[in-house]
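The next part holds the structures, each set out as C-alpha cells.
Heads up, the next two complexes both have subunit A, just with different partners, subunit B and then subunit C.
Our next item is the complex of A and B:
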C-alpha cells in the first residue's frame, strides 16, 4: 500500500524543490498588528465612555455571530436562517444558571456549551434535509425553541425575566466586565474559526461545499464534517446570546430569538464577503458605521441597508473583501496552501522539501508576492 | 489473489434494470478494461463498486469482505479510488488543495506527510505547474488529470477510471496512458472504462464488455473484441477492426 508513495521521493528531487506555504512573508507583521489591536481594545473601557463600551459589546456580539454564520454558509455551504435558536438558548442558559445561584458572567461559557450540546440532536433532524429545505427548517427550529421557552412560566413566559446576580456590581464594574467578556468571546470565536480553517477540516469543509459526491469518494465523512461545523456555530452563537443576556440585564424571548439576528449576521457576511475570515469583520464595521450615522432617521436606515446589500451582491458577489483581495492579493488570515517550486540544487533531503507551515516562512527566492495569486474565492 | 469481487449484482431504477446479475473478479494489480455502448451500465457499475449506488441484489466484496453496507467514504478509506466521467473538482479550491484533501481524508495522512504525498501525486500526473490554480479554471485535460490525481492521492489498491481519455486529443491520450501505466506498475489494480477502444487494447490485461446491463464478454482483449456477442453490440461501428487497424 505504501510502495507507490515511498519510492518517488527521488522523482520529486529531480523536478525541483517543493515547498508548501501557508502564509505570505507578512504573516508575522499581521499577527503583531492583530495583537496590538487586541491590546488597544482591551484598554477601551478605561479610555471611552460607558455608552461606547456598550456599542462595542454589541459590535463584538454581531461579529461573533457573523464569524459563525460565515463558517456555516461561506465555508461549509450550509445556509441557515435559524441561528437565532442558539442565540436564544445561550441567553436563556445564562438566565437559568443565574437563577440557580451561578455568577452570570461565569455562566457564559457554560451556556454556550449547552447551546452546542442541544445543536447535536437538532443536527440529526436538520441534516436529513438539503438546500432550501434545510434553511427553512432551521428557522422552524428557532421558532419552536422560542415557543417552548415562552411557555415556561418560571422563566417569565412571553415577557421574559431579568438576569439575577448582576445588580450587586457597580455600573462601572458591570460595563467593564461585560466588555471584557464580549471581547474574550469574539477573540476566541475568531481564533477557533481560523484554527478550524487552517486544519484539515478547513479543506474538508470547502470540499464538501464544492462537491459533496466527489468529496465522499475522496474519503470525506460529509455528515461528520457538517455536524462539527454546525455544533461549533451553535457554540459561538450561544456565547453571543449569553453575552446579550448579561449586557441587557434581562432575557426576553421575542427579542433574543428574533430572526433579526439571522438577518444581521447574513447581511454583514454578505456585504463583507462570504468564504473569507476578513469579510465578516469588514461587514460588521460597515454595519455599525451605517447604523450609527443613520439610526436617527428612523426606519430609513433599514431601507438603506437593503439597498446596500442589493448593490454589493450585484457588483461584487464575493463581497467587499472579496473585491479587495482580488485586486490587491491581500490576505490577513491566510488559510489556503500554495505549492512553491524552487531551485533544483537546493534539494538534499526529502525533509527539506516542505518549507513548513509557520507563518512568514521565507523560502529560497522568496517570490511570495508574485506567487500569491489567490486561490479560494 | 482476488481483490474485488462482484457477485450477481443487480441494480434497478423502477422497472428499468440497469445492471443485470453481473459477476466480476479483479485480481490484485490487474488492469481490466471495460467497454460497452452508451447506457450499458458501465458508470452505474462503478457507482456500485465505489458505494455511490446501492444495488438491489448481489454482493460487492473487497478482499473477501462485504462492502454492501459501507458508504463511499469508508470504501475509499479501504482502498477504492474512483474518477468521474464528467470531472467533479472542488472548484473553489486550488489543484493542490484538491489533491491534499484527498490525501488527508482518503489516505488519512497528516501534516508534512500529506503535503509531501499530494505534491508527489501532482508531479506524477503532470499537474505541478497548475498547482496553485483554482480548479474551476482548468480546461478539460487538466480536469481529467485532476480526477486521476485526486483518486491516486487516496492511495487506492483499486482504481476506477471512468473515461479519463474521453474528449482528449491523441497526444493527450498518450500522455494519460503513460500515467495509467506508471500507476499500474506500482501494483494498483485498475478497472478502466473507455470508449476509445484502441487506448485500451494495448494496455489492459483483460477486457470485459457490458451491454444492456449484462456482462457479455470477459477475457483477453483480442478475443473479446472478436467475440460475436461483442461485435453484435457494436454493430455498425465495427470496433474490433477499428482497434486492429490502429495497432
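Our next item is the complex of A and C:
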C-alpha cells in the first residue's frame, strides 16, 4: 500500500531516466519572487501609514506563531495548546531585560533564547504524556507560567508593567523599528522552518508523525527529534511575544499569556493547511481579512473563524492550501520530493510523494518511499 | 486547626472535581476523545439553567431534572454528527475539533451573556452548614455534591460491569472491529457513552454554578482541574480519579491557606510533581 509500491512501479524498470527532485526552475523563480516580496515588505514603512505598519506587525506576529505551531503539529504531530506560555515568557523576557537597562529591541533575540531554554526542562515533563493528554498538559504549563509571573510584584503583578526604554524614540522611528524587527522575526522563522524541513531532521519529523513505532524501529531518535522541534517552536513563539511586548509598549499577564494566541495560531494553521509551509501564510491572510471586516462586532470574527476551522479540518484536513496543491501541484516552498521523467511529471498526484502531507489524513506510510531512503543513510 | 479545615474542605472539593472528571475519563476510555470542550460544556449547562428555569417558575433545583436530560440527548447528537465525523478522519482532527468547539463556546457565551459573573441561586440550602468543631464548618451542599460524585462514579462502574449495554460499551472500547463483527453498532454505542458523559458534565456544571460564581471563561479552569484529577489518580482508573480529585482539592486548599493567590498554583505544582515522579498517576495501571 505504500507509495513506494504504488506510484513508481509502473515505469521504474522500463525507463532509466527517472529523477527524484525537489525544486526545479520554477523553484528558483518562486525564490526570486520571494526575495522581491521581502524587499517590498521592507520598504513598507516608507510607503504606508503607521496604523498600517501596526497591523502588519500583528500579522507578522501571528504568522510567526502559526509557522511554529505548524512545525509542532503539522510536521512533528505534537498538538500543543500551551504555546502562549512561551509567547508570555518572551514578552516578560523583554520586560525584565529592559528594566535592567537593556535596549528593548536588542533584547528581543535574548528573550526568545530564554524562552527556548525554559522549554527544554518543560519538554522533559510534557513528553511523558502522549496525544491529547500532552495537549492539556501544555495548557497546564501555560496556566502555571501565567500564575507565577502574575505573582511577581516587581513585574507589576496581575496588572502588568510598561516596557521602559521605548519612550526616547520618536513615534516614527518606533513604528519603523518595530516593523523591521517583526519582519526580521517572521523571515527568520520561515527560514528556520524551511531549513529544518529540508534537512534530514525534516524527514525524521515526518516519519515520527506518520508512524512513531516504525520510525523508532528504523532507528529514528523520536524523543530527540521531538525535543528539537519543541524548543525551536518555543524560540519562535518567544520571539513573537518579545515583539508584542515592544509593539504594545507594555506587558500584561492575562493578555500575553492568553489562550487566544493558541486559538488563533491553531485556527489559521487548520484553515490554511497543516503540514505545508504555505498554509499558515494563507490562513493568516484570511484571518486578518476577516478580523478587519468584523472587528466592530466583538468576538464574532473568532467564532466564525473557529467554526470554519472545524469544518475545514473535517472536510479537508490538509486545509485550503492542501486542496489547492492537490489540484494544481503548486508548491512555493519545495520541502518534499517528486519524481520527474525528463521534463514530465510522472506522478499524477504529486502530494503522494512529498514530505509535507497533513498529519492524520494520510494512510500509514504515505510518502514513505521517499523518506525511508534518507532515514537510513 | 486551620490546616485540618483546609484538608476537610479539600476532600469535599475533591468529590466535586471527580464529578467533573468522570465524563472526561469516559469519553477518552470509550472513544479515545480528549474532549477539550468538556469544561465549557459544564458552563453551558449552568447558563442554560439561568436562562431557562426562571421562565418555568420552578425552583432552581429543578435545573437538574430539566438540564441533565437535555444534555444527554445533546451528547448523543453531537457525538453522532460532529464528533463522529472528526473521529472518521483521525484522533488528531478530533482533538483540534474539540479545541475549536471550546473556543467557539467560550466566545459565544461571552457575546450572549457578557463577562459578568453569574450564579445559580437555590435559596437557603447553599448557606446551611454543620460544624464538626469550632473551626471546621462544612456546607451541606458540598457534602451532597461529594455524595452525588461517589454515586455517579459507582453508577458508571455498575453500568459498565453489570448491564448488557455496559458490556457492549466495554466491548467497543476494547476492540471496535471485533465488536462490529459480532453485530454491535459502534457509532450508536459511542453515542450512548457521550450521552452519559454529557449528563455527568451537566450535573457537574450545575453544581459548580450553585457553589460559586461563574463567567464564560470558567470552563478552562474546570477542564484543567478535571484533567489534573484524572492524571493524578491514574488514567483509566475510576476510583483513582476520585482520589486524584481529593489530592488536587487538598493541595489547592493548603496552597490557599499559605496565600490565597497560590490556590490554583499549588494544584498545578502537585500535578506536575506527579507527572515527574509517577507519570502513570497514583493508581495508574497501564497506558493505552
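The rule is simple: the second predicted complex is superposed on the first by the 317 of 377 C-alpha atoms of A that agree within 3 Å, B and C clash if a C-alpha of one lies under 4 Å from a C-alpha of the other, contacts with A are read in each partner's own complex, and residues count from 1 in each chain.
Just so we're on the same page, a residue touches a chain if its C-beta (ideal position, glycine included) is under 8 Å from a C-beta of that chain, and two chains touch if they have at least 3 such contacts.
Please read all numbers here as calculations on a predicted model, not as lab measurements.
Novice: For A:44, decide between first (touching subunit B), second (touching subunit C), both and neither.
Specialist: It touches nothing on subunit B or subunit C.
Novice: First (subunit B), second (subunit C), both or neither: which does A:129 touch?
Specialist: In the superposed model, A:129 contacts subunit C only, not subunit B.
Novice: Of the partners subunit B and subunit C, which touch A:79 in the superposed model: first, second, both, neither?
Specialist: second
Novice: Classify the contacts of A:206 with the two partner chains as first (subunit B alone), second (subunit C alone), both, or neither.
Specialist: A:206: touches subunit B, not subunit C.
Novice: After superposition on the shared chain, which partner residues are touched by A:266: those of subunit B (first), subunit C (second), both, or neither?
Specialist: Second partner only.
Novice: Between subunit B and subunit C, whom does A:317 touch in the aligned arrangement: first, second, both, or neither?
Specialist: After superposing on A, A:317 lies in contact with subunit C but is clear of subunit B.
Novice: Once the structures are superposed on A, label A:228 by its partner contacts, choosing first (subunit B), second (subunit C), both or neither.
Specialist: So A:228 meets neither subunit B nor subunit C here.
Novice: Where on subunit A do the contacts from subunit B and from subunit C line up?
Specialist: Shared contact residues on subunit A (touching subunit B in one complex, subunit C in the other): none at all.
Novice: How about subunit A: which of its residues touch subunit C in the complex?
Specialist: 73, 77, 79, 81, 125, 128-133, 135-137, 139-141, 143-144, 147-148, 150-151, 259, 263, 266-267, 270, 298-300, 302-303, 306-307, 309-310, 313-314, 317, 359-361
Novice: Sort out for me which residues of subunit A touch subunit B in the complex.
Specialist: It is residues 1-5, 7-9, 11-12, 15, 18, 20, 200, 203-204, 206-207, 209-211, 213-222, 275, 336-339, 341, 350, 353-354, 357, 371, 373, 375-377 of subunit A that touch subunit B.
Novice: Can you list the residues on subunit B that touch subunit A in the complex?
Specialist: Listed in rising order, the residues of subunit B that touch subunit A are 50-52, 71-73, 76-77, 79, 81-82, 84, 88-94, 96-98, 100-102, 104-108, 110-112, 114-117, 119-120, 122-124, 128, 131-134, 150-151, 153-155, 157, 183, 186-188.
Novice: Taking the touch rule as given, give the residues of subunit C at its contact with subunit A in the complex, in rising order.
Specialist: 28, 33-34, 36, 82, 85-86, 89-93, 95-97, 99-101, 103-104, 107-108, 110-111, 220, 223-224, 227-228, 231, 235, 261-262, 264-265, 268-269, 271-272, 275-276, 279, 287
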